[in-house]
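There are structures below to look over.
Paired with chain B in one complex and with chain C in the other, chain A is shared by the two complexes that follow.
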Partner chain A sequence: MGAPWNQRAARRARRLERLAPLTRGREIAAADMVAALEAAIEPGDRVCLEGNNQKQADFLAESLADCSPERLHDLHMVQSVLALPSHIDVFERGIANRLDFSFSGPQANRLARLVQERRIAIGAIHTYLELFGRYFVDLTPDVCLIAAQAADADGNLYLGPNTEDTPAIVEATAFRHGIVVAQVNEKLARLPRVDIPADWTDAFVVAPRPNYIEPLFTRDPSLITEIQVLMAMMAIKGIYAEYGVQRLNHGIGFDTAAIELLLPTYAESLGLRGRICKHWALNPHPTLIPAIEAGFVESVHSFGSEVGMENYVAARSDVFFTGRDGSMRSNRAFCQTAGLYACDMFIGSTLQIDLAGNSSTATLGRIAGFGGAPNMGSDARGRRHASPAWLRAGRERAGDGIATRGQKLVVQTVETFREHMAPAFVERLDAWQLMEDMGMDLPPIMIHGDDVTHIVTEEGIANLLLCRSAAEREQAIRGVAGYTPVGRARDARMVENLRDRGVIRRPDDIGIDKRDATRDLLAARSIKDLVRASGGLYDPPRRFRNW
Partner chain B sequence: MNRPHRHSWFEADARARIAGLVDAGSFRELCGAHERLTSPHLAALDLPAAFDDGVVVGEATLDGRPVLVGAQQGAFNGGAVGEIHGAKLRGLFERARRTRPAAVLLAIDSGGVRLHEANAGLIAISELMRALLAARADGIPVYGLIGGSCGAFGGMGIVARLCDALVMSEEGRLGLSGPEVIETVKGVDEFDSKDRALVWRVTGGKLRRSLGDATMLVDDDIASFRDAARSLLARPVPARDLAALDADQRALAQRAARYAEARDGLDIWRVLGLPDPGAIPMLDAADFNRLLASLPSPTEAA
Partner chain C sequence: MERFTLSLPSVPCTRADAAAALCGVVSSGNLEILVGRGGAADRCDIEVNTSAHGFRDTWEAVLTDAVARHAAGGLALAINDAGATPAVVSLRLDQALEALEDRA
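Now for the complex of A and B:
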């Protein structure tokens, strides 16, 4: 068999030949980076630019954006997160024109504009796992541009605590004859540990400044409101305790930060230590420190890391996943898998919920995507192993029928009104309008109503598993929607009936006195309290300090 | 709950601070919200008013002894002093001269004059200062308490330093121009107001205590502020003769010379001879006070 079966390897060899004059050993000088990319990449290539939730290959992104559109054009970008201005510059400057991605938070407005101007064709907006999956099926990168903490002269890479997407990207690229280029913060004679072996990589550059990492999961306890404390009490007593939730994932908002900070106080007072919240798929949230110190938490596997948590994580190696060198090892692909298949509960917040329980954070004029939330916030119908929480939820859904499977608890926790008095409960999600404006196939729904099991608001908990018809479901949602137009349009008799059946439960119904919901219940009320709780190991970014 | 409750002074509003500061149930508010003494200037600008104009004043007892109390509402316009707000505080000090309480307690939480009220605000704060000094001259001690999110800046920074003694938490800040003002006027190289750690090292309670501007440093806890106020009340009324003023003046001159090169609280702690200046921000009040007391000359002023 000859050349026709090995053209990818031949193509790779051609690219490396062009790259060779620009490398010394494996190293490319920062000043040569634009030329190196123009040598390694060909027009029409599929390029994975490592943009994660947190860690960004920012120097490589800027270098790609600075390439000549005459040399490089019609690129197809595949990347999980578009976070930096340079990620969009690549499209505005005519270097790339196709995109498959998961999340575009800060660049969502510019992305939407480019779509409306037809200067970008979006293949699809994925969940993280979907996109990683497609890296190995039909979106395998020809070239990947990744970020690592350090390289040695041979090209071995140490990824540091923020491993995130790197292993998935490199695996897909390296083993299908792609080119792997890394930016590193430093070159070391000897790496603390090898996360990516040298024979999977082709070149590295020591970037002029360390790669950018966003502290995305730091929630200042001083900003948690007493309404959020109340909702956290309701979630703990009405859901965590009742189902005995041991394995879970939390969203990143203040609502769930409040729950984390109530574990050593309120949950402890209910005798729940050892009975709930033992195993987590979660980034190292600083607000989890008091619960860890109080002995609630047995294990935490993380998607990424969090700025300032490095020393704490390293000092709690029984809890977190760490390498032989002592530093944290995260991995988004595995942690997303854990969240989807190995957790009994996801709880998080949203911006809008409709009468069927569909929820979305999509807002008009922005194409943002949802990252991993849909993986966490969906029932894994392929799951086969049982647990008490999963079985109980499955029985509740089956009602009088026979339960042949369990059910993941998917909980949405929202205040009835959000900022600027915008109601969280709506008849029609903005997602539908966005679908029309952007010419999408489907409305961008984050969590589908048929996956949602509970909605928690300051007015009560709606258990959608116990609803027996679409009409009941609608009234259960209206019944916790407070004074929003959706809430005021409730059928009061039907709502009281649902309350009698335990479908809707008010704080009083589960023995919570609203007057107890004060900030005094929080195990930490400031970032400084978190530092103290960590024994001085947590080192918060300056912007979160007031000392 | 299994843990002791701690009630944050920083997070509490003016009425909650007063309630925790004085003897339980003893506070009687004067010119209360029901009298709706609102700012005519804010109304003219079509801005929201507060029925107490951002300050609560009244009388109470502390350890059974009569005190007058004023507390600013940092949440309303940054505790800024407008015409009504200033008049209520001025009235409090004038009342002190008549009723002769054991002390006037002033819970400061303010960025200074309310700019919307321009000259009226400036006049109000000057009248407040004059009334405060008159009360002191009559032998009524005035004790300031600083631990709110607005600190004590601008005119209220001056008012703070007119008090006989100041109790601060680290979270409380004291200064003349606020960090944002300094940055705007002198540039970010002079003072980076976004570097919160720096802002607190320069204006926060620990540095103010180290320099002697604050008399006591307490944890951010209403009960700690109360204990500090009680201990001040138990002291003899501080001397306020010419000799004491001369001594203060000499101490300030020495301090200006000693720290002429200091750019940061860390520099001052280093000059003071504290072993690990970088670790000071994380110390709780008791450890910090112990450390300070162990120095040969703990602070610049008594």
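Now for the complex of A and C:
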């Protein structure tokens, strides 16, 4: 062990030695958790705290925040999501001061304040896949604090339906001589299945309460508007059907929930079952239930699970990925890879789009980050396999030139005004101001204009693949920007010309009568309808129940 | 609340006399449009009550286009808005005015 080539293993052995008095077998008592973290972690360590999109190692996060800043300080946190107050407490209490992450939605305000007070130094804001990549290159954790459903006495872990980031985190940490500590909801004599083998883990604690999981992908159909129905009709008839999109990912909002709920009704009436939407990289959205039941969907691979969908997923094992035990297996790293390389379309909403088609969800005073959208919503230039949708998009982009590659369809769907009359189309993204305020290298753009292929609004569809100049692109965007200042500043003649060429298509041009856009088209109009469509298998969280 | 009235040019509606009886009210959660008989046959009189301040020119643009798309002359529209977007306003107006045209 004295050789200079195995210092990391020696360092790991020292940490485990300090931890040993606090463990019984592999188990740490919840009451000893703060002391255990102070023993296992050293000042200056790079620590990965498992904060996912949904599943949170919340007990370990609170325990870390309760550690003494005299014992633990200058930590460098690497984590996907800052979702909980304790994730920020770690910085406010002087335990950590550096951060590399992906998404911080719920804590975006506090994070921005700490950056402005110079109490936190952000290395970079990543996409999920990018951050996972760096776990194996220059951001490998010294210690990771993860969340699992159950452990056995040996330290094998069962992750349950919400696998999410855990395998990527543990693999990077365990195989570079880091320390892997898990919080579990229960200790079992025999696990339903082993997701993380015991010799990749060092210790576990049975947390005082089950880990927090956010039902992030549940959209109540009763809140879907007729405008969203209209835009969903346009997307289905004007894009899904035209390109024959078989493999895709949907964003998280009501716009795409409307599309999911129109598949068994409107898309069915257009004869599209079996022709579109067969394979998905998608969390188990409750609003996808009617389309699954109608036979639209062949397969769904998921980043994580969704609260209440466990029994439905287990009962539809031909569609979802499930283990031998019957329960769901998700995996964010693989699903992001699937979204990047194996899907022909991403469609999602955003807050702001500029005249070049750059889109951003950044708003002033908040550092919200990116999550997975920039990865899903970008063309994978390394892709080589062809599909009809990909080839057609590539040919449209090439125009009269020769297409040597295809193109992923990246669709932004937005109503021209958001609530409180905030325009979705702007001359200048708030992201630029945020960059200046926060001293960032680049504006936090979610999806770059040169990756966006279509913009759908209530006014029409702009096909940016067919634009031949920056000026055309600008007018194509203005031409669907409605009554926003950007839309009203359009060159009407140029917009009509773009419409004649099919670059801009109005509902009339696609054969859609706006009067048909009613909520009656939704295959489910309430959460209760979704429960009924699932045959009672979907068990919505209490907050979504109103009966 | 902001309140203003507009009188915009429009093709005469052949059913203006019966408009109120035919159409009555088109409403959803955040928007209500009442259709009634107006003044001049080639104008559409519109009264807007809106919860959003400072968007009068946006309203004017939306309404000018809407009554230019349809035969709304001789009608009076009362619009009560509780936070509807221009997209919703346009869609509702189209629904209300097309319904009148269909019956003409």
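One rule holds in what follows: the second predicted complex is superposed on the first by the 545 of 547 C-alpha atoms of A that agree within 3 Å, B and C clash if a C-alpha of one lies under 4 Å from a C-alpha of the other, contacts with A are read in each partner's own complex, and residues count from 1 in each chain.
Here is the rule we go by: a contact is a pair of C-beta atoms (placed from the backbone, for glycine too) under 8 Å apart; a residue touches a chain by one contact, two chains touch by 3 or more.
None of the values given here were measured: they were computed from a predicted structure.
Of the two partner chains, neither chain B nor chain C is touched by A:Asn497.
Legend: residue contacts after superposition of the two complexes on their common chain; A:Thr363 is shown touching neither chain B nor chain C. Of the two partner chains placed by the overlay, neither chain B nor chain C lies in contact with A:Asn109. By the document's definition of touching, neither partner reaches A:Asn311: not chain B, not chain C.
Shared-chain residue A:Met421: touches chain C; no touch with chain B. Shared-chain residue A:Ser269: touches chain B; no touch with chain C. Within the superposed three-chain model, A:Leu521 lies in touch with chain B and out of touch with chain C [touch as defined at top].
Of the two partner chains, neither chain B nor chain C is touched by A:Gln433. In the superposition on chain A, contact of A:Arg542 is made with chain B only, not with chain C.
Applying the stated touch rule to the two superposed structures, the chain B and chain C interfaces on chain A have no residue in common.
Chain contact summary for the complex, chain B toward chain A: residues 1-3, 5-8, 11, 170-171, 194-197, 199-201, 204, 206, 281-282, 284. Taken together, the chain C residues at the contact with chain A in this complex read 28, 52, 55, 58, 61-62, 83, 85-88, 90-91, 94-95, 98.
Of all the residues in chain A, the ones that touch chain B in their complex are 222, 264-266, 268-269, 519-521, 523, 525, 528, 531-532, 536, 542-547.
Considering their complex, residues 225-227, 230, 415-421, 457-459, 482-483, 488, 514-515, 517 of chain A touch chain C.
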